[in-house]
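Shared between the two complexes below is subunit A, which pairs with subunit B and subunit C, respectively.
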Partner chain A sequence: MNAIGWLNLRSLNQEGIVFAIAVVLFVAAAIGLPGFIDPNNLVAIVRSVSVLGILALGMAVVIIGRGIDLSAVAIMAMSVAWYLQLLNTGTSDGLAFAYVVAGVLAIGLLNGFLVAYADVPAIFVTLATGSFVFGYVRSQLITQDAVPVPQGHWVELLGGLRFLDIPIEVFVFAGLAFLFFLFLRYTKWGRYIYFAGDNPVAARNIGIPVRPMLVLRYVLSAFVALIAGLLTASSLHSINTRVVNSTLLYDIVLVAVIGGIGLSGGRGGVRNVLVGAALIGILLNAMTIIDIPLLYQNLIKAAILLGAIIVDGIINPRDEQTAQQGDI
Partner chain B sequence: MRLIKTFMAAATALAVTAFVAPTFAADDPGPAAYAQALKGKRVMLVPLAMGFDLAQGWAHYLKKEVEAWGGTFETRDPNWVVDAGAQAITDAISSDTRPDVLIIHAPDLNSYSKLMKKAQAAGTYVLLVDNPANFPADAFVGSDWDRLGQLEAEAAIKGCGENSSKKIGLVQGDQANSSSLYQYAGIMKVLDKHPDFKVVAKPDSNWDATTSRNVTTTMLQQNPDICSIIDFWDGDATGASAAIRDAKLDGKVFLVTTGGGEKAADCDKLQDGTYGAVVMTELARQSGDMNAIIKFLLQSGQPAGTSHTYIYTLEKATTKADLKPDSCWDLKALQAEAAAK
Partner chain C sequence: MSFRERLQSWRYNLVPDHLVGEILTKRWTDNAIPFLALVVTLASFGSIIPGFFKLNALQESTRQLGEFSMVVTGMTVVMLGGGIDLSVGSIFALSCFSAVYVFFILEQSIWLAMAASLATGLIFGAINGYLVGYLRLRAFLTTLVTFIFGRALFDILVTTYAADVQLSTATSDVLDFIGDSTFWGLSVSVWLAIILAIVTHIALTRSRPGWHVLAVGGSRRSAHNAGIRVRRTVFMTYVFSGFCSSIGGFLIACRLSGAGPGTGLNLEIMALTAAVVGGVSLGGGRGSVIKGLMGAIIVLTMTNGLIRLGYGTGTNQMVLGIMLAAAVTIDIRWLKNRHKVLNEVYVAPVYLKMGETQSAVPGSGTPYELDNRLSAADHIGLGELEGPEDVILDRDDHLYCGTRHGEIVRFFAPDYVKSEVFAHIGGFPLGLAFDKTGNLISCVGAMGLYSVSPQREVKRLTAETARSWTSIVDDARLRDPNDCDIAPDGRIYFTDSTKRYDAHDWALDSIENRATGRLLVYDPRDGSTKTLLDGYRYTNGVCMAHDGKSLFFAESWACRVHRYWLEGPKAGTAECVIRDMPGYPDNINRASDGNYWMAWLGMRTPSFDLSLRHPDMRKRMTRRLPQDEWLFPNINTGGVVKFTEKGGIVEALGDLSGDAHPMVTSMREHRGYLFVGGILNNRVGRYKISGADPNWTSPASYWGAKP
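Now for the complex of A and B:
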């Protein structure tokens, strides 16, 4: 009886609801807005959420393992800013890149170590390391907010790369999404992340290396942030560290969570990130075409997200069985 | 003998008096009064952040001058956080070393009004720089943003030309900052006089380059025949220029923006054709204006908050054609100069 397919409300989870909203918006925009359905505009939509989506992939893996990485945006902006600063002051490319990779690795390890072995809650650890990374790099290593890419450098050339007239970011986003999908779905450590996120104690009891895996996730997230930063700089020919003060970090968490990755861990996957990113991308693009002022855009964005969460709450009420310890 | 001596002395005294008298008259009382009024006075700059060209330029020129007349110059770095700026101002007012002059770069029309009033009540002169606020400061030094917007619009119209689509796109900052609101008003004033020119879209960038790129991409997607785009700040116009580059419309869309006239941010980009025109603030002159009004206020003897002066910086839209070696100032050179000391 309960298998009537799409009419069955019970089978609709948050991902389904958000996907439905995204489809409705897409159809409405395609009919109502001239130029929306144009292939170039569709590419522009995907591109506009590529960097956000890439960051959300890293965040998703951390959240599925019942953690959170609030240092992602700081790592993204500051690692690349430092890299460009080194280049601008004459450090050789190889050496500069090696420094930055070492720095990113160190912060990822520090995050992972403090969460896994020192048992400090992830939210505090990454909040602190994020501030530290920003403060240290901004005050000690770079001289101003915006650091330009040296002329003719590979980062600048990367931004101009196109295949079939589609910007490189889109391919990087697609490629990373596929890799993360393979990792989460088909590798042993990928599957373990779900176990560890769902019930860390039980996962440890059956012999899963919970702590080293935790460290790995934060390192992964840090490197994903570096990639996102390089892509940002390649497109804009500079990186502005002001982005650390922006709402980007919340947007990343939002993309992951609105797509249906529970903050309590153990649930979700790459598909959820794609659905979340699609909704945000379509929404922002349509509102820009209609020329809605930013203030109202934020209001509308917030209202739709709130609506999705409320509907999810009504259709899938929480009870003792579904709620988990550590649910935020 | 004694008599002769006395005579000689008297004669000498007379001679000296006769000769010295004009010298006394030439002894200018100015420097002493100047030094007395200014020595040891404290000047503090609280910009939106210390990390961008305008603030670093102001700080450089102000510090040089203030320290030359024996004052102390300090800066605070709120790093774009309004609360941190408010905290810095509060701390400054209540500290033992309360500044005599507070130079504030207001984030919006209202945020710091109460604090500025408090500062004046404590006896500190308040200067507003660059961004106007709803507050009668002792002086405002900066751009007339309305006029600046008019210059941008005129540059855009000229950049478009008579035989163009006459479609103009705006990338605004936000809907709270006075520089954005007044700039928009100025642009619209000029466009009202040119009814054949039309604004086809006016999204906000929230001063963020990535957002500017995304909204400009959409704008160009919807109106590929736009002839000019006005982005409200060179800090995020890099995004708009990236969108134009990506749409392969370089040279077809005349990008107009405004900035502090820093070499890498403005002149280099005019040179390579990224920007069509930039309405640049002459930063050295603007800093000079600040220095002059600071020196005036400190000598005037008038209590803080009793006079209100507006000193608008002369603005000009610069294009590649009228670029000169001294059109811009060079942040790198200033930093090297500071490092060499």
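Now for the complex of A and C:
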């Protein structure tokens, strides 16, 4: 009985369930919540999940390769904050951008190097670099928590761009999602990520450059974070570095995990990110319309994430014989 | 000696390279780095910040340290069990709030507040433990999520009740005492932290649940297979961590008389950094409470020091990030490479110029000249035996020898075809000797000196001697007890060949050539073991002289035989009786004609002798070449040599074919025959000695005719 129960559960597709839940939620919200089905609100939903979705794309690539990037939000906020600070203090745009790109590249490389070549667990590396990036930029490079976008700068103009009444970040999200889809599905290196995530030792034995690929993933994730940061700054006309201490990071993990990207690596794809983002977007929007305070929203999101991780643990169980030592 | 060689001998014989390797074998080197970091941190902040060590400032920071170190202790235990607990900050904050709520809003007694606080921690810990231990979720992510959950809950509660707490008029002397007073100069939180640390340390190192935690952390799979309840153990570590954090939370509630949005903020990354900086390994099994505490002091000193130096927002996170990344990287690289480094640096060869020797080549006309007589020896137990290092015969003519499998095998007289396992010891029995009452005394490689009674009861006589004051590796332990013999008064004289290598690594000792061999004596009357002589290059065979007033012992790598006086004017001193032999001597035994038999385990070669004068070359060799390409002493040819009490060589027997007895480690004369053993051989040889006394036996020679 029990065995059959497990079997059924395993044969269920998490992506499918989540999609179904998202649809049900959407229908329920459309019927129950006034103003939910309004086109403006729908655009707002898509817009609100765009940045989240972009970050989740970077996270997804890292997770598929059996890693995690806890420094994504710190990189997102701090790189843009530094960029804007440089602009505000009169550095030329090109130079400032070059600095920031170099900085983002350096952090991505550092993450990748420590994970790939020093064999430090990704979770600790990125926790430490996230803390370092925030601390270093906040204490050494910028002067206050929020940095505004200079008047008339392209980042500000970016925020105002509309196409068919849809804000530009939605298109960026869609474009990036399509690119990641092509990368993961149709390029050699994209397929390598799955091999390395599924079984790193075997991947290495058959000659895949597992370590350089690891570095590439963290660099990729760092640049995705930079793009997300620029979009955030463009829509808000400033960047608030306090976002690093918020639960945004866990929302990203939530989107990836709830969409069905297994934390043990090797599974999932762009579609899972889209499904996860849809569910979280509808959920957040609905909670905002019902007027649940932010603090309670955090509580609910944490509960959902916990549930998602428990389900993930049941679907992809680990046991004493196969669990790897030190795999925490 | 050329100038180059003199330099080499100074460089390699006077500089104690071997100490580096010996220090690295010590577990406490793991503690050395965090301890150094601690000293450096305290010293640098103490000198930069004026009044850092002033009592007032210390009082406040130690209170904080007390709370923090409790959280770190909990984190340490979880990490030792192979997990991680990121929710400590939330537990800390929620426990603090529980205490505040019960005391200030419900206006209950402080003890009830404490109970509420502890209950909060235990429940939260149990949830973590259930998820990670029983559901086996990933510790890091799971506790990260419970951390967000707890933090969200705390933020809601604190914003809801902050005003009520402010308005409350509840007071308590106990609360003030815990929060503000000191007891024998230390605050309550420090006392509690010390007590908790001591109790936890004892529990971890000296109790069954503590061992289970370390076992699970060390190897989860092995612990599971050994029958330890892994899930429950993991569960308990999280409950313990929750408990520790809740005490911390209760203490801060007493100290601040309230809870604020900042309570327990960033505590998880601080506690994690502290544990890792202190040297508690990720992935479990390695670390201690003391390490955690060292880390706690380092982290708290750093963060507090930076605040007091006036660095702005974010500096703390920056420093924590750097410390965490550095500590984790060092920890992982160190764990991974320590044994590699150890292997590389442990072998530290010394310089030795071997003396000119006479040839042993057949037909060279020297007394050492080998012939082919041993190749004609009969074989006993061919193919059944593996590694009869020593052979001995008892009064009833039965033959005994040790084997690689840790047994002493007995072959029955008169034809030595039938055999049985006489006794199972477990280690490799090397030297053998019969005492007066017929007990078989054996030096067991890497184990010690053992006695087997005629009724086959195995008893350990000794496994250690007094430790020398200057030793770094534990030289009290007998690493390579090699051969023994018994004086007329019953005292057992035996050799321990090397202090630096285990018995099976004897080849490494020959390459290093450091003089660490010893001669020891075990006194059965009071069970004591004493070191008589030290500093020989692989002491090997021991044989009591016929009159029982002195003994001979072999020094293998120097190709010498010494005589040690038990009585007479030279009692307690040794003199060299044979030097610069062409072969490496092994066991020595009595011969029927008043002389002595000595086994040669191998022959000197010009190439190896030359390499002994080039320690740098041997060092490079052990570091850069795989072991099967090293230059070793030649053990493809050995032999048996008879020498007189004065050290004169009577004759030498060899096996030039190399088929039957290439390497000889022992021989024993018995009723006109010579029984020959070799540690790498698969047989015992029996060779008829022409002209030997057909009635002479070794037991009778030692202990008189049959009673």
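Convention: the second predicted complex is superposed on the first by the 282 of 328 C-alpha atoms of A that agree within 3 Å, B and C clash if a C-alpha of one lies under 4 Å from a C-alpha of the other, contacts with A are read in each partner's own complex, and residues count from 1 in each chain.
Here, contacts are C-beta pairs under 8 Å (C-beta built on N, C-alpha and C of every residue); 3 or more make two chains touch, one makes a residue touch a chain.
Quick caveat, the model's predicted, so the values are computed rather than measured.
With both complexes placed on chain A, subunit A has more residues touched by C than by the other of subunit B and subunit C. Legend: residue contacts after superposition of the two complexes on their common chain; A:41 is shown touching subunit B, with no touch to subunit C.
By the document's definition of touching, of the two partners only subunit C reaches A:313; subunit B does not.
In the superposition on chain A, A:295 contacts both subunit B and subunit C. When the shared chain is aligned, subunit C comes close enough to touch A:250, but subunit B does not.
Within the superposed three-chain model, A:125 lies in touch with subunit C and out of touch with subunit B [touch as defined at top].
When both complexes are overlaid on chain A, the residue A:236 reaches subunit B alone and has no touch with subunit C.
Looking at the shared chain after the overlay, A:138 reaches both subunit B and subunit C.
In the superposed model, A:91 makes contact with neither subunit B nor subunit C. Comparing which residues of subunit A touch subunit B with which touch subunit C, the overlap comprises 138, 145, 295.
By the touch criterion given at the top, residues 34-35, 38, 40-41, 44, 47-48, 51, 138, 143-146, 148, 159-160, 167, 232, 235-238, 240-243, 245-246, 284-285, 288-289, 291, 293-295 of subunit A touch subunit B in their complex. The part of subunit A that touches subunit C in the complex is made up of residues 68, 114, 118-121, 123-125, 127-140, 145, 247, 250, 253, 263, 295-296, 298-299, 301-303, 305-306, 309-310, 312-314, 317-321, 323, 325-328.
Those residues of subunit C that touch subunit A in the shared complex are 82-84, 131, 135-142, 144-146, 148-149, 151-153, 155-156, 159, 219-221, 224-225, 230, 269, 272, 276, 282-284, 311-322, 324-325, 328-329, 332-333, 336.
Subunit B contributes residues 49, 51-53, 56, 79-81, 174-175, 201-204, 206-210, 213-215, 217-219, 221-222, 235, 238-239, 242, 245-246, 264-265, 331, 335 to its touches with subunit A in the complex.
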